[in-house]
Structure formats: structure tokens, C-alpha cells
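Next come the structures, one after another.
Below, subunit A partners subunit B and then partners subunit C, in two separate complexes.
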Partner chain A sequence: MSQQSTKKGEMDLPVRLRYKETKREKTGVYFKKKVGWLFIIISVIAITIFNFYPMVQAFLLSFQTGMGGNLEFTGLSNWQRLFGDPTFIAALTNTSIYLLIQVPLMIVLALFFSVLLNDPKLKFRGFFRIAIFLPCVTSLVAYSVIFKYLFGIDGIINIFLLNFGFIPESINFLADPVWAKVVIILAITWRWTGYNMIFYLAALQNVDKSIYEAARIDGANSIQQFFQITVPMLKPIILFTSITSTIGTLQIFDEIVNITNGGPGNATISISQYIYNLSFEYTPDFGYASTVSYVIVILVVILSIIQFRVAGEKK
Partner chain B sequence: MKNVKRIFIYVFLSLAAIVSIFPFLWMLVSITNKSVDVTQGRLLPGTHLIENMKTLFSTIDIVPALINSTIIAVITTVLTLLLASLAGYGFEIHRSRGKDIIFNILLLSMMIPFAAIMVPLYRMFGSISDTAPLIGIDSLGAVILPTATTAFFIFFFRQNTKMFPKDLVEAGRIDGLSELGVFFRIYMPTMKTTYAAAAIISFMNSWNNYLWPLVILQSPEKRTIPLLISNLGSSYSPDYGVIMSAIVIATLPTALVFFLMQKHFVAGMMGSVKG
Partner chain C sequence: MKKFYLMLLLVVGMVVLAACSSGDEETSEGGGSEGSSSVDTITAWAWDPAFNIAALENAKEAYNGDGEYEVEVIENAQDDIIQKLNTGLSSGTTNGMPNIVLIEDYRAQSFLQAYPDAFHPLTDVINSDDFAEYKIATTSFEGEQYGLPFDSGVAALYVRTDYLEEAGYTVEDVTNITWDEYIEIGKDVKEATGKNMLTLDPNDLAQVRMMIQTNGSWYVDEDGSTPNLAGNESLEKAFETYKEMMDADIAKIVSDWSQFVGAFNSGDVASVPTGNWITPSVKQAADQSGNWAVVPMPRLDMEGAVNSSNLGGSSWYVLNVDGKEQAADFMLNTFGSNPDLYQTLVEDIGALGTYSPAAEGDAYAVEDEFFGGQQLLTDLSTWTDEIPAVNYGLHTYAIEDILVTGMQDYLNGAELTTVLENVQGQAEAQLK
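And now, the complex of A and B:
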């Protein structure tokens, strides 16, 4: 009897607990909903104040003109000024050149490295990986200054080229409009290729090896395997890296300022640097600077949509 | 034929490795040489290291810059980790339709180019400079605030929270922990690796940030390391040995972080795309 009752009691316990639990759960759900907002509220407010609100402000500013604090609404005059502004056109052209040459170059190189370094039979794999990734630990300013010195008129690159007889006299890389752009593209590629390679290497781990096996049996050579298997399999990550690289290159600032400072003339100036100059180097023209900055916003949106479309179509 | 291909691959990779490493070697060799030797292309270690360091620490304000950068990077990282993990946890564990919409709106802020909001931000901090000088123009607080909460880290924590066992939350509630108690006592200790990865990215971003400090900081004694190096780099008669020493010192923290925590580092990068 007593045993039975204890058994009963034991059995009762979970039931009672369950009852209590559901009650707790009910109040919990209600409680949970409110408390859930507490977790996110600071971030939501902070991002609104420091990102969305300035975005709206910049939009309003783009319709105002005046120097420093004396701004007044002048409609579309800033937007009209854009098309006749040679510095803006130079900045837009330069940024487009960086984007069109550097991003594809870097992504192809990174893909190439990742495929080579994914081969388990390759010797010194770890060394090559670390070596190619190493540039990512440098700060943008630090590596820019180094590249500026490397390619200086008495820099080590010139000394090499002279000693090996590739060139008759030193090339003033940073004072030549074309060479200066080449140096900037080389610098960005040096800094970021390893970074992108790591993404591809990680994605390659998830590709089923048997697909390559099957392709090899079917007689596909490595180049065919690369284009028919690797590239399609890595498409989502290639899309991700090309979007982040595009957004990054569109905003390029640190490298330009520290390697060439936009020169010679305006041969290497980027849109971000022009915005900075308009606001803080020349007499501050916040209205027009905001108009120029909206060009970057529009470009980011358009290019992201295009990249999504292109990647989506081939599916 | 196969051997030719192999050789070609090794030559190609070796070239890539040399190109990647050479600037580092050059930098390390240059800090031991006189400025004249650097311009003459000397690639052998010299004996001028101590001399360069002495000049660096006596003529250039690298110590205040290091202190400023450290303060900014540490506070930014702590704030980022706390706020972003709270939000990432809130969005995932206390999921609701309204929050999902807000989350997607927040993600849009990742597309906002910094150059586009720099001017309004500058004006915003300018307008509060008189009433709150600690977060006004030319203050370390103003450097920290806009960079301490970013949608990227909220996204990062939310992605990683997907792996967090929800049963633990229930267990904590049954044990009588409050919702915040569950977060601090259970979630935080469980997610150590996620925090480590986020800390590395946040610290490096902050340590290397250039544009915003350049805009908001004005007095020389508030300068951060990137501002100092940029300044040195643009001088007309550069002392290469000394400047290289400054660059090496500035790069050391991030390089150390990378070598000591390689796994977390890569995990951090991956965390941004997972899911």
C-alpha cells in the first residue's frame, strides 16, 4: 500500500511539474516576447542613429548648397554640378577602373590558388597557404606606405629592375598616371587575394571528391574540371566575395590617400577621397559632398543587383 | 607532361609566396638598417636596429598613439561583443515576425558606404561637442560610438546562435534563471569560440581603422596608430629605418593575434558567410 502510494506520489510529481511548466511557459511566452525586445533594442537604436539617420541626413544634404554651416536648399543644382565636374568624373572613372580590373583579377587569382592548394598531394601546402594569406594581417595604411616606398623612384623595385637590366633608367611609378593606377591595383590585389582564397578553400572542403573522380574517368582535364565543376560548385561563395570586394573597392580610400594621395593631378583619386577632400580638405562643401556620396550608394545598389542577377541566371 | 605541370605549379606558387612575403622581409630588414642603406636597396640585416628604435621613441609620439589605439580598440571590442551578442541572441532565441523584419532592415545597413554617412556623422558629433565633450569632435568616444554597433556582428552572432542548443535556454529557465541570467550564465560561457572569433575581427577592424579617426580626431596627441603612420609616410624627408620600425610595431599586435589564434581567425571569417 505504502509502496503504491509513494509510487503514486512519484508519478504525480511529473504531472504537477508539467502543469506548472505549461503555466510558466504561458507566462514565459508573454514575458519572452517583451524581454526579447530588450536584447535587441540598444543595437537597433544605435544602428538607427549612426547609420540610417545619417543616410537620410546625407540625402537631404545632397539638395543643399553653401559653405560650412550655412546651407540652404537649392534643389537639384548639386546633382547637375556632378556631370560638369571634371574631378568627379576623374574619381568615378578611376574607381571604375580599379573595380573592373582589380576585382576580377583578384577573384580569378584567389580561385586559382585555392584549387592548387586544395590538392592533398601538394608539398609545402601549409607554407604556401600561410604565405599567401599573410598580407591580410597588415593594416591598410601600413601596407600602403610600404607599397609607396617599394615603388618609389629610389625604391627597391626600381633598383631590381635596373640591376637586372629590364629598364634603362628608374621609372617614377607614382608620378605617372598609368603606372600609379597599376601600383594601386597591384597593392590591393596583394592585400586581399589571400583573404578571398581562404573563403574558396573552405568552400572546396565541402565539394564531394567523387565528382572530380567521375569527371577524371570521363576524361575531363584539370582546366575542364575547373570550369565545369569547381566554378559552378563555388558559385554562392564567389558571389559573396565579389559583392564584398565590389563594395570595398567602390569605397577605396586608405590606399589611395597613402600611396599617391590621388596624384599625379587627379589620376588616381577615388570617389571616397573626393568626398573627403570636399568636406575636410577644401572649403567644406557638405551639400555637394553628400551628393557625390550618394553616387557610391547608387552604384553599390545597382552592382549588387546585377551580380545577384548574373549569378541567378546561370542556375 | 605531368612532371612539367607539377614543376609549373611549384614555380607559380613559389613566385606567389615570394611576392606575398617579400614586403614583410624588406620591412624587417629595413628596421635594422640606416635610411641611406634602405634607399640603396640593401637586403641584408644591419646593425642599426637599436638606433632606429631609439629615434622612433624619442622623436615620434608613438607611445601616445599606441595608447590611444589600444583604448579605442579595447572599448570598441568589448562594446561590440556585448551589444552584438545580445542582439544576435535576441533575434534568434526570441524570434518573432516583427524582429525578423527589423533584422532584415538592419542588414541593409551593411550596404551603406561609410563615405556616404561620414559627413552627417561629423556634423552630428559637432553639434553635441559643446554639451558632451567626451563624445564630441576630437574625442576618443566619438571614434568608438559609430563603430561599436554594426549589423555585421549582429548577423555574425545570430548565425552562430543557430548552433546553440535551445534546450539549454529551457533548462536555464526551469532552474529559475531570468532571461538575462540565461544569456550571461549559459549562453556566454557556451559560445566562447564565437566570442573569440568576433573579438579578433572587431579588434583588428578598430586597430586598423583610418578614415573615421582621420575625420573626427584633430589634435596630434589624440592620434591613433594609422594616423601616425600615414603622417610619417607623407613626410618629405622620410627616415625609412624609423618609419619601418613604426610600421612593424603597429603590425605586431595583429600579426601576433593571427599567428596565435589562426583557427579562430579563419572561423571568424567563415562565420560571416555560414548559413
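And now, the complex of A and C:
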């Protein structure tokens, strides 16, 4: 029917005009394609040069060893060395601990805050939103240093706990292997919860209010609404934030360096800090450093696949 | 999302590395054109405006040779200098590299060995006999002298005379003692005054480094790369001493620099065993003037140990880039041969060099009221000459990071030999 009517419509036009129109359209499509390519060619070239080329070079570098500039190919020796290197294993363990505790904690908190702050009946919503997002605009180094002082042996946390009689004597948070990790996790959670909350808030604005209304009419309480409506509706965003947070936590560097500098001993060292140490703190071994950095790449890929499988759409 | 710059840095390093590996011919060509390497401006990098930058500025003024060039002094943080040198030198391009750079002695060997052709030998330029002997070992490589020794890291024991007096001791009682005697005095001081004897930072084994150097020992063997931890008697003794200090409860635990300085500025500790560069920080507490004295570093209670050690210190290096002859000329004319310059350095910025002829100058004989009229600089220079020479080698900081974990285990009750065998194994695994 519709085809017929189109044909009929075209028939009405003068033949010459119709011909011209098609030609213009054709060149237009061709031209548009070309222009489209021109627009992205810059980023394609830039990404190839500054992203893919270095990635390949770094991969090649991970098979070389030597001090500074005297590198030679040694096959898989760096990869072998990796598994016998206690510092690397400590760094990997610490990073995994941060990841396993901090990312779920932060995602849940962010989700919780965003639902609370999305409540239209809440007063001073804007103020609370800003208050929770504000940590994200502070510099990583600045807030790390502040956390370091807060949790120092003469820091305000200790003074507070002492004065209120919670503890008999000051805890040296940063000199204790367990407490130091707790401080790091608290610090990253404080810094990044608001950031993730913004994604959830944005997503919540797009959830149709009528769904909640319908649920309420059916007698669902707010907990049921949260688990049956909010969480499923936010699934793609939860997936996105958990992947970006995972990547971010795997690369954690500033907080560790500034709060504990990896200490006490190697109790808080992260993979990124170890890479930095191998390159610039110790006698430079860029080959081994890039092997370690490829471990992060492999971990990110594996963890992202797992997260996609668990939370993503099944095809 | 975060922290991409670390990766970026590495990646940039790798790009330049790649460029280097494909540009070998170019590099050798560059080496051939040595004749025309004259430049108008030579640049020098250092990190402390109150200390080594100021020393460079003084040297600029003191220059009286006939070289026609400008000297540009650029201040960079020490970590930045290390990063820039590493990325620059490993790329093989000399663009943006300075002519003169200051490098900490503990790191010198790793630069000299990692980038063999990057530094200009000064063997024929300076007379290495003019400098403190212990500096020469760390600043030379394969028989060539590369570094021009600069500041002395001679370590000393800064003591509070008033606290000692309260506990019934005099300055003589703490002069030329062993660490074991030091601990005994520390216990008495704590009993009499309630003050701790010293500060310790379990994450920074500077204390251990100073102790083992009194006996001419180091973390690595003579070759500068084989870890020498298990069975190293000096290290064992230093670990035991460290633990005794902890057990005797004479040490205040600190975790960073500001707490360290704060401890002695506020009068919380009775002594500070550290490098002489701490003098300005000690003097910050002007109200304590006259209550301080400086005595030689305690030694390990072992045969052959001396009452002199070192902590830190750095030296000048000339890079093998265009302008190296001028840079070497500038260095020779100033830090390499001018005793008057060292007098100015001492007077203006309190920088103690390691150029022996300078020690006879008047400025060194000044009596320091803060330290009860002691001729501090003369004393420090004397002790500088006695520092046992050791090869710091390549891995000071890498090994120290491993040792810190070992120290934790040891303090928590592990057995010393096991701990040291353990760290030896770790070091061997990591430092291939």
C-alpha cells in the first residue's frame, strides 16, 4: 500500500526534477560519508599513534630486561620472575583487597545515597547532593595528605577516640598493616562515592515515575520497590560504574603514595606504585615494569568479562 | 578514570624507547660530531633552593675562567629530575637534557651503569685526591671518575646537653661511643628526664644504613649488585641494635619528616643521630640555643668499626651532550678547584662540601653559639675524612624496601637469621 502510494507520489513530480533530486541525494550520501570519515580520521590517527602503538610497544617491552637503556630480549623471563617476586605478590594481594572490599562498598553506598537524594520530598536536596559530590573536585594529593594527618598518631581521629574513651591509647593507624589498609579504603570510598552517585542520580531521573506509582498501588513497600524496580532499572549503570571503579581501583596510586607510601613494609603497596618504583625509585627496569603493567591490563579484561557475564544482558 | 598519567608516563617512555631502538645509527653519528659541541648557554639542574640551587648561584658568581657562556640554573624536584633523566636518557635523545645535574649518591651507580655513555668522564678534569675518599667510590664507575663530589652527608650525633646533664652525663660520655653504650645512656636519660633518646621511623632504615657504614658494610657486595644481607654480620648487629632500642623503649616512633623534625624541635628527644644537613632544622628552635652539642656518630660494637658514617649527600655530573666541555670547565673552575667558593657556601648557606683543601679556611673555624661554641664545621670535616668508603651499588632503595618488611617481622618476634635469609631470597628474586 505504502509503496504504491510513494510511487504514485513520485509519479506526480516532473521527470527532470525527480532525476536531479536522486542525483543530488546520491552525491550527498557519498559526500556525507567522506566528511564523516574526515571528522573521525583525526581521532583515529591520534588513538592509533598514542594508544595502540604504545600498547604494542609496551607489550614488546615486557619481553625485554636490562637497566635503563640497555634492554635486550629475554623471552618470558619477566613473566617467570613475576610469579616468584614477593613484592609483586604483595602488591597484587593488596590491590585485590582494595578491589574486593572497596568497590562493592562504594557501589552500595552510592546507590543508597542516590535513592535517598532522589526523593522529591527531601529538603535541602541540592545541598546534600553537592556535599556528597564535593570530594570529587578535590585534588587526589590534597585529600590524601589530609587523610594522612587525620589518621596520624596525634591526628584528630585519635584525639577524638581518646577523649571519648573509646580507646585506651592512640592507635598508630598508618603503622599497622591492617589499619593502614582500612584508612586507604576509607579514603578512596570518601573520594569516589559521590562521583558514582551522580551516575545513579542521572539514571534515576530517567526511570518513569508511573512504574513506582503502579508498584505502590499494587502494595509494594519501598524495599521491594528498591530491589524490584530501582536496581533492575539501573543495571546497565551499575555495570558501568563497577567496571570503571574496578579499573580505577586497580590503578590506585596517589592515595597510597601520599598516605602510607606503601608502608608499613609492603602492607599497602599497590601495583601501580610498584610499577613506579621499578621505573623511577629503583634502578630503572622498564621491561619488568611494563610486564607488571600488563598484569593490570589482563586483570581489567578478565574482571570486565566476569562483570559483563554476571550483570550484563545475555545474548 | 583516574591515574592514567602513570601509565601515560610509562607509555611515553616506551615510545621514546622504541624510537631509540630504531635510531641506533643516528646516535652513533651524534657521537662522531664531538668537535662542534660548543653552546652559548649551559643548564644545570638541582632541587633545593636553600641549598644546592643556592650553591650553583654562588658558583656562577665565583666563576673566573675565560669561558664565554651563560649558566642557567633550573630548579626541579628531585623526583622529577630522576624521572626526566630516566625517560630522557633511555630514549637516547639529548633534547631537553641539562649539561650539569645533581644526583644523590645512593642513586649514582644506577644511573652510571644504566646509561653508560650518557655521562662525561671528569677523570682528567678534577683531581679526585682533593675530595673525601668515601665520595670517590660512589661517583666513579669502571675506573672513570664521573661525579664531582658535592655535599658531605657526614652523619653525627646531635645531643641535648641539658638532658644529658640531668641524667648525670657529660658530652665526653657520649663522644666516640658504641651503639650499645648509647642505649645504656638512653635508658638513664629516659629515667631521669622522661624523654626518649631518639626518634625511629620503622619505614625508613636510614638508621640501619648509618650503622652498617660505620663498619664499612652495605646492603650489597663490593660488586655493587649482589645483595649482601644473609650472613652480613654488620647488618645483623645493626638489626639487633635497632630492636634493642625499640625494646628499651627509648625511641619515639615517627612516620614522616615533619614528625621527625617536630620531635627534636619540641624537645621530645634527647638526641638526633643523622646527617649533618639537619643542622638548620635543629637550629630552628632558637630557644634551645646552647643546649645542643654535636659528637661523632656512635659505632657498631664490632672490630674495625669507626665513629663516622654518612647519610645522603650528592654529587654533580656532566652529561655527554653538546656543551660538555664548557660544563666541565665551569665545574673545574668552581666546585673543582676554588676553596674560596666553599668558604662562601659555608658562610651563606651552611653547605658543607667534601673538597678537602677548603677545610683549612677561616669560615670552617667559626664557633657556633647554638652548639655551645663548638667549631662545628671543622669537626664535621674531620669526621668526613674518616667515613668508611663503601660501594653503594645499584639497589639501595630496592633492597631497603624489602628490608623494611624484614625489620617488621624481626620486631614482631621472628628469628634474625631466618629474617635475613628471607630478605636475601626476596632480594635475589627481585633484583635480576
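Throughout what follows, the second predicted complex is superposed on the first by the 267 of 315 C-alpha atoms of A that agree within 3 Å, B and C clash if a C-alpha of one lies under 4 Å from a C-alpha of the other, contacts with A are read in each partner's own complex, and residues count from 1 in each chain.
Rule of thumb we're sticking to: a residue touches a chain if its C-beta (ideal position, glycine included) is under 8 Å from a C-beta of that chain, and two chains touch if they have at least 3 such contacts.
Because the structure is predicted, anything quoted here is derived from the model rather than measured.
Engineer: With subunit A superposed, do subunit B and subunit C clash or fit?
Structural biologist: clash
Engineer: In the overlaid three-chain picture, which partner chain does A:Val207 touch, first (subunit B) or second (subunit C), both, or neither?
Structural biologist: So A:Val207 meets neither subunit B nor subunit C here.
Engineer: Which partner chains sit in contact with A:Asp85 here, subunit B, subunit C, both or neither? Use first/second/both/neither.
Structural biologist: second
Engineer: Once the structures are superposed on A, label A:Ala289 by its partner contacts, choosing first (subunit B), second (subunit C), both or neither.
Structural biologist: both
Engineer: Check whether A:Asn266 is in contact with subunit B, with subunit C, with both or with neither, and answer first, second, both or neither.
Structural biologist: It touches subunit C, and subunit B stays clear.
Engineer: A:Val35 in the overlay: touching subunit B, subunit C, both, or neither? Say first, second, both or neither.
Structural biologist: The first partner, subunit B, only.
Engineer: So, does A:Ile97 touch the first partner subunit B, the second partner subunit C, both, or neither?
Structural biologist: neither
Engineer: Considering only the touch criterion stated at the top, classify A:Val231 as touching first (subunit B), second (subunit C), both, or neither.
Structural biologist: Neither partner.
Engineer: Touching A:Leu174, do we find subunit B (first), subunit C (second), both, or neither?
Structural biologist: second
Engineer: Using the touch definition from the top, say if A:Leu105 reaches subunit B (first), subunit C (second), both or neither.
Structural biologist: Neither partner.
Engineer: Comparing subunit B against subunit C, which has contacts with more of the residues in subunit A?
Structural biologist: Of subunit B and subunit C, the partner in contact with more residues of subunit A is B.
Engineer: Following superposition on the C-alpha atoms of chain A, which segment of subunit B from the set 41-49, 59-67, 113-121 or 185-193 overlaps subunit C?
Structural biologist: Of the candidate stretches of subunit B, subunit C runs into 113-121.
Engineer: Common interface residues of subunit A with subunit B and subunit C?
Structural biologist: Touching subunit B and subunit C on subunit A: residues 50, 53-55, 57-58, 61, 140, 148, 247, 251, 253-254, 261, 272, 275-276, 279-280, 286, 289-290, 293.
Engineer: State the interface residues of subunit A toward subunit B in the complex, per the touch definition above.
Structural biologist: Going through subunit A, the ones touching subunit B are 21, 24, 28, 31-33, 35-40, 42-44, 46-47, 50-55, 57-58, 61, 113, 116-117, 122-123, 127-128, 131-132, 134-150, 154, 156, 159-160, 163, 190, 194-195, 198-199, 202, 237, 240, 247, 250-251, 253-254, 257-258, 261, 271-272, 275-276, 279-280, 286, 289-290, 293-294, 296-297, 300-301, 304.
Engineer: So in the complex, the part of subunit B that touches subunit A is made up of which residues?
Structural biologist: Within the complex, subunit B touches subunit A at residues 9-10, 12-13, 16-17, 19-21, 23-24, 26-27, 39-41, 43, 83-84, 86-87, 89-91, 93-96, 99, 102, 106, 109, 111-124, 145-146, 148-151, 154, 173-174, 179-180, 183, 207-208, 210-211, 214-215, 225-226, 229-230, 232-234, 238, 240, 243, 247, 250-251, 254-255, 257-258, 266, 269-270, 273.
Engineer: Give the list of subunit C residues in touch with subunit A in this complex.
Structural biologist: 1-4, 6-7, 9-15, 17-18, 20-21, 79, 82-83, 86, 89-92, 110-111, 113-116, 118, 202-203, 253, 255-256, 259, 394-395, 397-398, 401-402, 404-405, 407-408, 426, 429-430, 432
Engineer: Please name which positions on subunit A make contact with subunit C in the complex.
Structural biologist: Spelled out, the residues of subunit A in touch with subunit C are 50, 53-55, 57-58, 61, 65, 67-71, 77, 81, 84-87, 140, 148, 152-153, 172, 174-175, 244-245, 247-248, 251-254, 261-266, 272, 275-277, 279-284, 286, 289-290, 293.
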